[in-house]
Amino acid sequence: MAFRWSRWSPQFALAPAGGVTLVAFAGSIGWTIWMSLTRSRRFADYGINWDEWSRQYVRLLKDDIFITALKNMVVLGVGSLLAIVFGFILAAMIDREKRGEGVFRTVFLYPLAVSLIVTGLAWRWLFNPTLGVENFLHQIGLPWARFDWLNYPETAMYGIILGTVWQGSGFYMALMLSGLKSINSEIWSAARLDGVSFWRLYLEIIIPMMRFTFLTCAILLSLGVVKAYDMVYAMTNGGPGQSTWVPAYYTIDAYWQKQNLGLASAAAVVMLAITVAIFLPLVLITAWQQRRQEARAQ
Amino acid sequence: MPRVQFEKIVKTYGRVTVLKNLDLEIEDGEFVVLLGPSGCGKTTLLNLLAGLIDVSSGRIQIGGKDVTDLDPKDRGLAMVFQSYALYPTKTVRGNLKFGLAAAKLDHAEQERRIAWAAKLLQIEPLLDRKPAQLSGGQRQRVAIGRALVKQVPVFLFDEPLSNLDAKLRTETRIEIKRLHDETRSTIVYVTHDQIEAMTMATRIAIMNAGVIQQFDTPDAVYERPANLFVAGFIGAPAMNIFPATISTAGGKPSAVLKGVDSRIDLGGYAFATAPREGDSVMVGLRPEHFLAPNQTDGDVAARFSLPVQYTEKTGADATGYFRTDHGLMAVSVSPDRIGELRQGDVAALGFPHGKVHVFDAAGGQRL
Amino acid sequence: MSSIAEASLRHSRSVDETVAFPRKKKRISGRQIAILIFLTICALFFCVPLYVIVVTSLKSMDQIRQGDIFSLPWSLNFDAWVTAWDKSCSGTVCQGIKVGFVNSLEILFPSLVLSIGLSCVTGYALALWNVRWANSFLFVLFLCAFVPFQIIMVPLIMITGFMHVYGTIWGIAVVHAVLAMPILTLIFRNYYKGIPQEIMSAAMMDSGSFWRIFGEIILPMSGNIMIVVLILQITSIWNDFLIGLTYGGIGTQPMTVILANVVITALGEANYNVDMASALLTAFPPLIIYFVLGRFFVQGITAGAIKG
């Protein structure tokens, strides 16, 4: 067959992206997995001792700090679900009460334009025990109030959760709003005619109709949690001690501080595994739900 | 040498075969219309000719050159699309110029062609406007202009009038016919509207389910439909088709209609093969050929006595529908006389000689 | 006149004079007020951190030591801003955060060009051209969008080192381009899928050239999505910390990194007003873009997320 330029030119144009995907993503992931099986320290050591291939992983699992990091990640994930709930409530309210929608949306969304470092620093300042919110609460007559969560290992993660919820709720609100708007307006009319109560309407009708939006938010949230770094760095630097370490933190510390490439790679692979473990079921559920919806529509 | 040749074209999408071994030859200067219902494959055939999709097997030749593997721009074609497909960010002039610049014509030649096309289509005052500022009819003319400036021997039209209102449709139809006469180009035109086909085509290729049913002049397609599908497709209201059996009593062939108490005299019908007693056939009677109701004196091929089911009047035309055991018989009636037919009345209908169509009941072929 | 006519005349007169069934003017309901109050309280909650940053940056250290975090400044004191800009110390260099500002600007342009350029063309090719493996590639890109940075961090260090751009502006730009490629390509591809197929068919008949069609037809039609993507990327690049930290050298650290150094690793007593001023200055550019072009911002988020 003759050479058809229209067939080949798009393929040439896709070559850079394909190359990037192959090398920077696929190749890199493969390389890191390889490294996690080696004893590389500061530099890459490509030899794998197959008797001890899981050495780094065992080390990770035995490391209390890594376990703490994993626990923190779970805590952060669960706590961040508040952002989705909060975002939904805000969206529902804005959608119901059309007044001032533009203003409220602008206010709720601006945190997304702010760097996580800046956000973290602001919250760190707010959590300052002597000069921050705690002091304020004491002054207005609540001497027993405590807002120094970042100073204690048990409560530090909650402070980070608060900061994360503050930053993320607007985003989920925006997603929920567009999900709400896509609901056929006749549903609202029908509900009014039927006299369905406020709560029942939302719980039994609206929320189920927004399954996809919720699933999308869940996917995005879980991935954000796995990647969380900037916020932790800015708010607590991992402290007090190592009580607010998250896996991303651990990985970066293992590479730069401990100069242990093998260990860092293993931690990164664990992060990837967690991502896949969360991502796959959620996406499958989404796809399954979508197929069910399409089948029903036929 | 035919200008456009399709040889053994097969097009499949996965397990679905859209075109099966299709052959078609279009002579230079013809205005060929591909006519058929949705899904018959006419647009697919046009897109194959244009090169926008590839054949699964077969060969396409344009002007004697094998173009099956060539890109659309190398085939020497121009196309006008149903939704005009004008480039929204370019002015009219820019739209006309785009293909010429791509073909690397020099500036002077580009300007000359644009001026020529603009004059021909009367779009000179619109040259500096953007498509969003034009009306539907104007956009269509620009789309035609974009094809004209390429000055190629073959033009393709993909249902160009579908998006226009009725009045504009008639005007543009005349316009396109005029362009054909002036430029003497070969046109391949896709539509599902038989009026367009009948008024514009030199030959019509009627398609159904990926197969060309008949490829003939409009007159031939109307007067001698090759099979039941063509017979039922051409003509509005559609031809009445009834099952019947051949009787050769008395040496003269006639058809005994089932479910209608009548016998049709087929003397003088040019049978391709001699009919035999008892053959199952389908008889076609066009509504517009019936004599006026209740005036059936004289020599007719068939007489019917049928009750009126209902009537329709559309200004210039009127149709009476008569009940038979085999469905309704449509008869065109003059609007003045339609009032005389009231529901339930039995009317006498006569059908003249020479206008009957007989088809084989099994295969649908014309006998 | 008939009695009916008389009665209707009388009736029409009375309609002119009085309204037959006057309606009570609809008052704002209790529920609506409750919603508005709730939303306003939430809005205040969202404003608190920004308020605190601004206010603290304008106070003197004396006032700050008073401990009243929410109080307004006694006097508008921009000294902290000047110090932050010019003299604050990051590590051993006390050139202020303006260094970071310049660096971030320098990082911005190559990063934008690379990331948007690559994704735009890739999205165009996948959306409007017949490539057999397009769908598989899209799925792979979809997966890549979720890959955690850490797992490709070290290989990227090696790659940028191999390209001799590690530690330079272009190194950071390359990494930004790589990380943004999956999601930006998906965004562009979805946008270009919305272009009517017939326009592409017409363009193929006129000129089958990939690049000519891109430059003369598709790109001019991309205005809307370009703004959205630009805002998305500018915000993302400006606010980024980890990439700048990992791939930046001494002279190429973005503003966020310098900020972190100024505040977090400072020695001695923390100059809270200077710290807050530095944070505010770092946050300014994307915030301004947000308040001016907020509409596109929202579009960008929903575009990026819905496809994600």
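Going by the order they are written in, the chains are A, B and C; count residues from 1 in each one.
Everything that follows uses one rule, which is that a contact is a pair of C-beta atoms (placed from the backbone, for glycine too) under 8 Å apart; a residue touches a chain by one contact, two chains touch by 3 or more.
Only a predicted model underlies this, so the values are computations on that prediction, with no experimental measurement involved.
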item: Chain occupying the middle, per Cα centroid; value: C
item: A-C or A-B - the one linked by more C-beta pairs in contact; value: A-C
item: Where chain B and chain C are represented by their mean Cα positions, the distance between them in whole Å; value: 56
item: Averaged-CA centre spacing for the pair chain B and chain A, given as whole angstrom; value: 60
item: Between chain A and chain C, centroid-to-centroid distance (C-alpha), Å; value: 17
item: Interface hub residues of chain C, defined as touching at least two other chains; value: 204, 208-209
item: Junction residues of chain A - those touching two or more other chains; value: 5-6
item: Interface hub residues of chain B, defined as touching at least two other chains; value: 71-72
item: Parts of chain B lying in touch with chain A, wherever the complex brings them together; value: 69-72
item: Complex contact set, residues of chain C against chain B; value: 196, 198-199, 201-209, 212, 216-217, 220-221
item: Touching residues on chain A, where the partner in the complex is chain B; value: 1-2, 4-6
item: Residue ranges of chain A in contact with chain C within the complex; value: 5-7, 9-11, 13-14, 16-18, 20-21, 23-25, 27-29, 31-32, 35, 90, 93-94, 96-97, 99-100, 104-119, 121-123, 125-126, 128, 130-133, 135-136, 139, 166, 170-171, 174-175, 178, 216, 219-220, 223, 226-227, 229-230, 233-234, 237, 248, 251-252, 255, 261, 264-265, 267-269, 271-272, 275, 279
item: For the chain C and chain A complex, residues of the former touching the latter; value: 32, 35-36, 38-39, 42-43, 45-50, 52-53, 56, 64-65, 67-70, 118-119, 121-122, 124-126, 129-131, 137, 140-141, 144, 146-156, 159, 177-178, 181, 185, 204, 208-211, 235, 238-242, 256, 259-260, 263-264, 272, 275-276, 279-280, 282-283, 286-287, 289-291, 294, 297-298, 301-302, 305-306, 308
